[in-house]
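Input: structures, listed below.
Each of the two complexes below includes subunit A, the first together with subunit B, the second together with subunit C.
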Partner chain A sequence: MSNPLILYLCLRMVSGVMVMDSLLSPEGDSQRTQYPYVTGTSVIGIKYKDGILMAADMGGSYGSTIRYKSVERLKQVGKHSLLGASGEISDFQEILKYLDELILHDNMWDDGNSLGPKEVHNYLTRVMYNRRNKFDPLWNSLVIGGVKNGQKYLGSVSMIGVHFEDDHVATGFGNHLARPILREEWKEDLSFEEGVKLLEKCMRNLLYRDRSAVNKLQIAKITEEGLTISQPYSLKTFWNFAAFQNPTVGAEGSW
Partner chain B sequence: MFEWDSVSTCSFFFFDCLINYNRFSEGMDSIMKDLNSPHSMGTTIIGVTYDGGVILGADSRTSTGLYVANRASDKITQLTDNVYLCRSGSAADSQLVSDYVRHFLHQHTIQLGQPATVKVAANLIRLLSYNNKNMLQAGLIVGGWDKYEGGKIYGVPLGGTIVEQPFAIGGSGSTYLYGFFDQEWKNGMTKDEAEKLVVKAVSLAIARDGASGGVVRTVIINSEGVTRNFYPGDTLPLWHEELPPQNSLLDILSSSSSSAEPMVS
Partner chain C sequence: MFRNQYDTDVTTWSPAGRLFQVEYAMEAVKQGSAAIGLRSKTHVVLACVNKSNSELSSHQRKIFKVDDHIGVAIAGLTADGRVLSRYMRSECINYGYTYESPLPVGRLVVQLADKAQVCTQRSWKRPYGVGLLVAGLDESGAHLYYNCPSGNYFEYQAFAIGSRSQAAKTYLERKFENFTGSSRDELIKDALFAIRETLQGEKLTSTVCTVAVVGVGEAFNILDQATVQALINEFEISGEEGPTNESVAEEAGGESGGAATEEGGAATEQETAPMDI
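Showing the complex of A and B:
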């Protein structure tokens, strides 16, 4: 022990060996829950007279940064279904690839039959639940809707495999902000105009109150005839309330 | 070095060391932490499309903790003759991903019999990034030119999402550029306008991001081929609170010997 530096380095070497062990042990196995990086926010879906209407904005958030503003989160699946997704976008892109393969194999049977929204919903539920069981979920909440043989179908699947169908569904913040509006104002056999106005009311509310919402959205309609996804557009917002002009005038320092 | 004339001096010094060990090791620990930190490219990377091709730009700083391991690195790596990649995040991870994809694209080009498209290159990058998302930390921008789609830029951020964009920014320095691009980006720029924009943007990010620095490198890819450009710090504009660089104070003193008072007491 002739030099304090050598003493230090000897002690470091001993603890260093223990550090190396943890570096070499399997930290990088894929059998564990991941973290979402680029995420989409709410999707809302409602049944209306001719089929299903679905709305989603086009934002891709990276934590608190709104990084991408033109992400299409509503996609066609086969002839009869429409899929909307919130959550990790890369996992949504992977789900679309799985569905591509599913639909391709379905077409290859060439038997005149095609998978409808109910079947696609079931397939997605199995995929999501089985991934959850392996502690390696696809970090998405999905809304699947469509019309086949006159039957309207609207369902939802979460990242842990919770699934159900209903007359109106929403993911994420939509559950808290949009569904109460829909519970009050949704009714059987809405017209297309009424449905779009209702969805826009919900989306505007989300725009005010959801931090990760972006004012650029698409509304998709699916009926027996087919599917159309609207071009991206923005909603007007309203800030001209008397109470907003001088909110702290009665109580300086408040908010 | 120390001189030892007696055992008592040794043991006394030894004892003294142990008492001071904590403070001593704190200093050594932060240095050791820097030297053992993963090489990371706190970076600024940019890819923009223009009328006829794409321009990729990046800074040149690679850091291990607080130490700048390489002040002139090249973060724009070649995948094929017509497709290049901007790398950010962990230096090791992004280098390995680019090496694998270069290898696969080489095979693909041989099988296809013609140059690979930018879309194929970007999707290979996505495959590796997505399937190894738990282990990789690489934010990548793929840019190139092919005869089918012309100039294209694809962003592949952490997680393995693939996003086709008219322009893309990435790395730690990009946080300072969102507002800049929101204001300055225009569709259908010329090659010179686009390159000026890229150089200005990278240099603005370098001014504010401690993890970005060094020189600005650009790569221009279009139907005619690939051009590499190099902009050292002294060719870049000066921003707020930055002063023109001098050789020495002595030059300032000698040049203003008659007029103002440079040495104020």
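Showing the complex of A and C:
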């Protein structure tokens, strides 16, 4: 080993192995999801007198093409929680798989304890933040709502793990078009009917102005008694507003 | 010492269906100084007797805070107890990180029991030589569990472990029916009385015992020495002058029953495996 030539060759071999390693390792040149493929648009959630209401349409866009028309984006999680998702649909399905496993293992304790909406929300935050730290985010914005022990809970997580709780939340375009309405009109003691009416007003606005929205939606309700997700239905629309018929009037371009 | 051909290995059965090494581990719990626990609907109190090895040394800690809602009192090998309470702390922290809510006490106890059970089934391990009284509060209320080296665990209204714990158990058995509705301070008082029973005539002072509480609106905390001394003085339970009038009367009534259970316990121990104790 004292021979400088042998030492040099040994070092070359070692460094050679290292170079090979970084090129051939599965980490080295792997590509993460750089953009979403099939996406769902806004989800809106509100607290109301007895629990939580959530609304989402059923469109699935392949880029800007509205490719699917019956995507269920509101799902039950365990006994006390409701999850709504916008963004990459297959990533949402992956999240549902994680949650199924989570709830299964929680039930396997068989001890009367169960995860509530707050626990599910925090769990999802950890999952989303962990994936973004691997530079491989789950491309979704999530809304989690539920009721446990008389306590209403509504929160949201973004694809990079930003999370918060509020009385009303929305994802994507809903943040711009629905939340201003909710800030004006939401109140603590909305009845079920008033809540649904408010959500429909928001969804109608989104339908008019969000090109990815489709006129087929579901509304879900979760209370202490349990969870119900409505059958898909459509909203009444009126497209004969002057601004719709001649959108460029009074907004002349520079050319 | 008593020897038999089936006790050199944890994983070797005796023909009678016993695992002697595991039973010896449970003997270690009885050697340690006493620890007691009792609970009401809203609070759990733990208390223990502090013994130091020599006049010149301090005593070892026997009560550990695991989380805001859980604490343990140990009897047996203190070193093993420390390792287990470190495990419990990390489980609570991890659960809190993932779910931002406190780990249900019953679940922690099962995880702890499973950990102890593994040691009874591996040739290269030894059972933990420590018994733990786990006190905690969760959604379903206040809980007191006893975890033992065999991997068994039990939920109790009140319990005592360690040397001379039978005296405390007798006291608790006589009184436990009232504990459910007790206030925090009444529980502490009964804890001190029960601890005094294990001292057998030695004077109860705040230097020989530690008391801890967890309950609704109160995170698990170990009472400081001055507080404990003040309570001992207030309740007049130093005990050097013998039991107070109140407990003399009760003891007269309960004596025969208490003695009977003690003998009964000893008798059954001879015949069956004390595995489930």
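In this text, the second predicted complex is superposed on the first by the 206 of 255 C-alpha atoms of A that agree within 3 Å, B and C clash if a C-alpha of one lies under 4 Å from a C-alpha of the other, contacts with A are read in each partner's own complex, and residues count from 1 in each chain.
Note that in this section a residue touches a chain if its C-beta (ideal position, glycine included) is under 8 Å from a C-beta of that chain, and two chains touch if they have at least 3 such contacts.
This one's a predicted model, so the numbers in the text were calculated from it and none came from an experiment.
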> Taking the superposition as given, does A:G253 touch the first partner, subunit B, the second, subunit C, both, or neither?
Replying inline: neither
>> Going by the contact rule set out at the top, does A:S90 touch subunit B (first), subunit C (second), both, or neither?
In response: first
> Of the partners subunit B and subunit C, which touch A:D111 in the superposed model: first, second, both, neither?
Replying inline: second
> Now for A:Y68: first (subunit B), second (subunit C), both, or neither, which partner does it touch?
Replying inline: first
> subunit A residues in contact: does subunit B have more, or subunit C?
Replying inline: B
>> If we overlay the two complexes on their shared chain A, which of subunit B and subunit C does A:R126 touch? Say first, second, both or neither.
In response: second
>> According to the stated criteria, A:N149 is in contact with first (subunit B), second (subunit C), both, or neither; which is it?
In response: second
> Do subunit B and subunit C touch any of the same residues on subunit A, and if so, which?
Replying inline: none
>> Under the stated contact criterion, what part of subunit A meets subunit B in this complex?
In response: 1-4, 7-8, 12, 28-30, 32, 34, 36-38, 60, 62, 65, 67-68, 70-71, 88-90, 93-94
>> With touch defined as at the start, can you tell me which subunit C residues reach subunit A in the complex?
In response: 97-101, 104, 106-107, 110, 138-140
>> Give the list of subunit B residues in touch with subunit A in this complex.
In response: 1-2, 4, 10, 13-14, 17, 21, 24-25, 28, 32, 126, 130, 133-135, 155, 157-163, 165, 175, 178
> Okay, in this complex, where on subunit A does subunit C touch?
Replying inline: 109, 111-113, 115-116, 118-119, 122-123, 126, 149
